[in-house]
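Some structures to go through are shown next.
Below are two complexes that have subunit A in common, paired first with subunit B and then with subunit C.
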Partner chain A sequence: MTGTTRGWLLAAGLTALGAAAVWAATASLNNYLLTLIAFAGINVMLAVSLSLSNGLTGLFSLGHPAFMMVGGYIAAILTFPANRKGFMLPDLPEWLAAQQWPLLPALLVGGAVAGLAAIMAGFPVLRLRGHYLAVATLGLIFILRAVVNNLDGYTRGALGLSGIPKLTDLWWVYAWVVITLFVCWRIKHSSLGRTMMAMRENEMAAACMGVPLARTRLMAFAIGAVFAGIAGGLWAHLVTNLTPTSLGVFLAFQLVVMVVLGGQGSLAGAALAAIGLSAIANLLRPVEQSTGIYGMTQIVVALVLIGVLIFRPQGLFGSREPGVLMRRPESSAPSRTAASTQTTHLEQRGST
Partner chain B sequence: MRTLKTIAAAGALATGLGAAAEAQETVTIAALYNLTGGMSSIDAPALNGALLHAALINEAGGLLDGTVMLEVVGIDTKTDQQETATAAQQALSMDNLVAGIGYGDTTFVLAAAPAFQEAGIPFVTSGATHPMLPTWVGDHMFMTAFGDDDQSYAIADYAYDTLGLRRVAVWTDDSMDFTRALSTFFRERFVERGGELVGDDFFMMGDTDFSAQIARLQAIDPAPDGVFVSAIPGEAGLSVKQIREAGITYPIVSGDGFDTELVSTVPGPDLANDVFFSSHTYRADDRQVVSDFVAAYEEEYGRPPENAFSPLGYDAIGLVAEAIEAAGSTEPSAIRDALAGIRDYEAVTGMISYTRETMVPPKPVAIIEVQGGEFTLLETWFPDEVE
Partner chain C sequence: MTSYLLQQIVNGLILGSMYALVAIGFSMIYGIVRLINFAHGDIAMIGAFTALAVMIVAGLPLPVVILAVLVVGAAMGLAIEFVAFRPLRGAPQVNGFITSLAVSILIQNVAILLLTAEPRGVAFPAFLSERIPGLPINIDLVDILIVVLAVALMLGLVTIVNRTRLGMAMRATAENLDVARLMGINVSRTIMAAFAIGSALAGIAGLMWSARYGQIDPIMGFLPGLKAFVAAVIGGVGSIPGAMLGGYLLGLAEVLFVGLLPPEYAGYRDAFVFGTLILVLLVLPNGLMGRAAEDRA
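The block that comes next holds the complex of A and B.
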């Protein structure tokens, strides 16, 4: 099992390298740069988890911000200082108003509720295909916005929650980025990931081979939503302010752009695209400020996207992962070789 | 923009020569505004006002006897709260930062100001009007505009006393905190004065068809004396047009969301009648500061101030400059203390004094009438403690 050992060693090495980078960053950079890196990390989480549905399974979902909103609001209500809850959120039941949780359990509950919400929404929504699915998931954002707006006593309505404790720091983001990448990577390279990709390529063929379509679709949607919920919680505790309009359609499209740029189904590609787009937007900010041409960033990002779609429509990596990160088939056990061959086959089809 | 910078540089150079021996310092004021996206029609004029005031101050020789020059750095936060949080951190990492200003909307202030509060840097919002803002954020938060309670009270008093309205229906844009607050305070005051509310109806930002609300309004029997429409500019013009087209002639009253040309251009001069709203005092105001401001703005940008938010941005810089002079220092903590001590600062949008416990400045409110598409300043309303 040398292949597996090599994989684990590589993963451990990369994690340690990342941790060293985070440590160096927190020691030397100012708050502005640390905030930028933290947002880039949250974008990585979102883009990678969105790849599960949009990239691997071929479900075009725009619903990620809705699940972020669920996770963000739940986590923020749980961590909110108990002494301010009484008058700010008067309708909360007493047992909940007295709670003031640390970040980790709040994030986990937020993620779990987001996952449940995805399962509930998924039953009707995932029966749709293509544009219809995109529009229906877009609708989720508006439904949630209306719900949050009208649950005044629980969410403070249109005014939103302000003064959420600033608990998110770079270490929290880094840990969750690693967990997201790890889980999604394992899913992609497991039989579940194979069935997802098989469905993307040809649903009927996959169904004929015995792939349970509805269940797999729902799983891709719900697992992505769990990470979106957790990312929403991290986001809320970084911005310290959460309103019904904080997470909207614009963000949904930005995330889709990251997945498309990275390559449909490539996790490393989605992560790199998330980092790249965050970097472009913020590198151009000082240029905007000194020239006074506000709005230039959006134009540059749009041009990059158009350029990629014309010259490299499969995205950075297609459906593959960068070669160094992959197991080498010759060092694997025979059963794994079979699986790898299948992957190569699928990936080739995905990239054509 | 470029001419402003040249003027600023020339001003800085001139004073630098004049006071050659004195050490000169340029301090930074970060201006956080949504220059692109949905809020830009409100925020971009405010930044223009702020840049203009800083340039005029530098041109006139700076602050503290020419030892301090102002540099206003505008940051675009794209009507996005994530950008806002990042921009606040960027602002706080700038060299020589003495204060932050920004925003015409409460939501964005709440995303940015707490970071300034935590870092001990004062933040002056030019246009946000929620009366609880300083209470929520803390002692480094200052407001340039009046609170929503004052502007609602002003128009409620005018509607009751002068227009003689007794039975009023209320329409509210239910998608914004500002419009909801405005309606809440109006209802409170109007009922307190002895008026009666005969209908409550809602719409959402972006609605273009008000026929359902109009039908319900016409069904109220006996007919109301007037209707209060709590809306922002986009819906203000449309609602007036459709109400008048339906043949309803009684007065329409509102707050500063109606302070826009759209109220006369969308319905046209034949229909834009009997509209009364409360707003910031600068339109049709004959004080010297106001005419100086309007003239300077026209000279710099080649057009009159777009709306009340440009003088508010101008006043936000004025408050910071006044505080630097009063403190005799550019230490942020000294500037904060001086801001809190400001009394009777003659701003373009009216006198500013931080005398209330809520730290919301008790400012005069203008009552403006629209007849035949023309805006006329009718009277100025003063909060109880100023009278």
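The block that comes next holds the complex of A and C.
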């Protein structure tokens, strides 16, 4: 059996296994638990897509919630019942107010617009590095929040869009998680992915090898934003309520934590960290409610992060993927050397 | 119209004083450890709550309050440096950055836990809000005190940095940490001093914020903190005079943006500030007074 066939079989098997798990969950669990699992799935989508820019390419972006907001609002406006648009969203143009779309095209349009927004924002913002990029992308959240707040004829401003039809269910989320993982996995193991990692390791060396820096950076940012937009649409149709403040800095922080915990550039790591962090948050919620200590989740997340950064700065998996998932298990040796050269390189960079 | 404009300029100077005080800390810390301390704005929040505790709960007079805020701010800065930054010294920049974000979220949530998220009113002594007579515009005593105190603290800081051995050590460490260490400068102590001084100033900014706007809450520091960072970028991160200039420029620009444009644009205040950040980084990446040192754009 060739490595490629093994990979496809493994992927198909895992997808089927996941589908079986989703089927079992929808058959046996109550609505509350199903919603929690759906949130975890959306977090997986977000963390995996964010690790394209933050993990693979080494662009430290905090802007994911901004693109979720774009995708979420677009999708929600498209699926919103046409008979209620007239008085809730009076400024919508005639042709848009008459529309009432099903979920899938709304999500796709939301994702596409989020991607376009990322390209537009990316032109100026992606010239920045490190801290500056982080603060500028954080600024995107505040800029978008101001826009949504002030275009209240389209978005209901600070009141938020409420009564969005509840179209998202676990199957929708599962399908998109599979698509996100598949696409990001293929990107990581394609020449584009290698290009991104080359840029992360040494930008100048990458440029000398003929890597188009600006375009690759923009690709990583925009592809991540497309998935963030779709995830935002799923989120909006799960919560059925979207306000300018519902997707904010804390979410950005949590997503970054997932990418860092998973290891910069490990997709499986990011997915596992997303599941783990969602589980912790949901396990702590009843404790918070019974003890009255609200905000414990945030405190625990922050402490875990500080601990990981001090004691295991490369995250759970480093840049690698768990060995079983790789095409040829015996070829994991070179990737390990790659990971270790990466750490030494990072140390050198830190000490200068 | 002129008195309206004058009023807006005064308001801008007051806001700018607070931005400048916070921005100085960003710049000092960045200059030495090449790290943006996201938790810096939250120290302003702690300063505001310290003022509340010392003044309202303990009932002590204003000079004592100011002293207490300086001490608590400095202590918080030292604690943050010791717990979160010292263990990460020499790690990649991004790690330090994420850690400071974690510290910020930690401080905010612990504060919400201990103090509840409810905004509180702070009643300063009545004589502070007395209007200065004989002026065409509305200036309270507290406004004058804010600007005077801010300028005095900045002059004190400039004196420390330019005239003392500690200041010389700071400048040397900012110039080149490794060489400074070789010259026998205690780098750890210099870094601690930068954190302590910067944080004390941020604490005072929080005190001023509560005196001017009368309301405080556990997350009050985050957004103004980010805006002060924008101010530091405008002035040139790493430059203390730049941070002061940037603080006043940003304060003026923000107030004038809201005051002079038609009211429907007022909601874009935050968008204006962050748009300015992106613009400044693109057009003038080293800020007005910064040096072209490393890649930021």
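The rule is short, and it goes like this: the second predicted complex is superposed on the first by the 327 of 352 C-alpha atoms of A that agree within 3 Å, B and C clash if a C-alpha of one lies under 4 Å from a C-alpha of the other, contacts with A are read in each partner's own complex, and residues count from 1 in each chain.
To be clear about the criterion, a contact is a pair of C-beta atoms (placed from the backbone, for glycine too) under 8 Å apart; a residue touches a chain by one contact, two chains touch by 3 or more.
Treat the numbers as computed from the prediction; the structure is a model and nothing was measured.
Colleague: Record, for the superposition on subunit A, whether partners subunit B and subunit C clash or fit.
Modeller: clash
Colleague: Now for A:207: first (subunit B), second (subunit C), both, or neither, which partner does it touch?
Modeller: After superposing on A, A:207 lies clear of both subunit B and subunit C.
Colleague: Kindly classify A:303 by the partners it touches after superposition: subunit B alone (first), subunit C alone (second), both, or neither?
Modeller: second
Colleague: Is A:21 touching anything from subunit B or subunit C once the two structures are fitted on A? First, second, both or neither.
Modeller: The answer is neither, since A:21 touches no partner chain.
Colleague: Look at A:60 in the shared chain and tell me whether it touches subunit B only, subunit C only, both, or neither; answer first, second, both or neither.
Modeller: A:60 sits against subunit C, while subunit B stays out of touch.
Colleague: Touch check for A:136: first (subunit B), second (subunit C), both, or neither?
Modeller: A:136 sits against subunit C, while subunit B stays out of touch.
Colleague: May I ask you to name which of subunit B and subunit C touches more residues of subunit A?
Modeller: Looking at subunit B versus subunit C, the one contacting more residues of subunit A is C.
Colleague: Is A:279 contacted by the first partner subunit B, the second partner subunit C, both or neither?
Modeller: Touch partners of A:279: none, neither subunit B nor subunit C.
Colleague: First (subunit B), second (subunit C), both or neither: which does A:124 touch?
Modeller: Second partner only, subunit C.
Colleague: Is A:98 touching anything from subunit B or subunit C once the two structures are fitted on A? First, second, both or neither.
Modeller: The answer is neither, since A:98 touches no partner chain.
Colleague: For A:250 in the superposed arrangement: first (subunit B), second (subunit C), both or neither?
Modeller: A:250 contacts both subunit B and subunit C.
Colleague: Of all the subunit A residues, which ones make contact with subunit B and with subunit C?
Modeller: 149, 250, 294-295, 298
Colleague: Which residues of subunit B touch subunit A once you look at their complex with the stated criterion?
Modeller: Touch list, subunit B to subunit A: 1-2, 35-36, 73-76, 78, 80-82, 84-86, 89-90, 92-93, 106-107, 110-111, 114-115, 130, 136, 174-177, 180.
Colleague: Which bits of subunit A are touching subunit C when the two form their complex?
Modeller: Touching subunit C from subunit A are residues 60, 124-125, 127-132, 134-136, 138-140, 142-143, 145-147, 149-150, 249-250, 253, 256-257, 260, 293-296, 298-299, 301-303, 305-306, 309-310, 313, 346-347, 349-351.
Colleague: Which stretch or stretches of subunit C touch subunit A in the complex?
Modeller: 35-36, 83-84, 87-88, 90-95, 97-99, 101-103, 105-106, 108-110, 112-113, 222-223, 226, 229-230, 233, 264, 267-271, 273-275, 277-279, 281-282, 295-297
Colleague: Note which residues of subunit A are touching subunit B in the complex, please.
Modeller: Against subunit B, subunit A makes touches at 30-36, 39, 149, 157-160, 162-163, 235, 238-241, 243, 245-246, 250, 282, 285, 288-289, 292, 294-295, 298.
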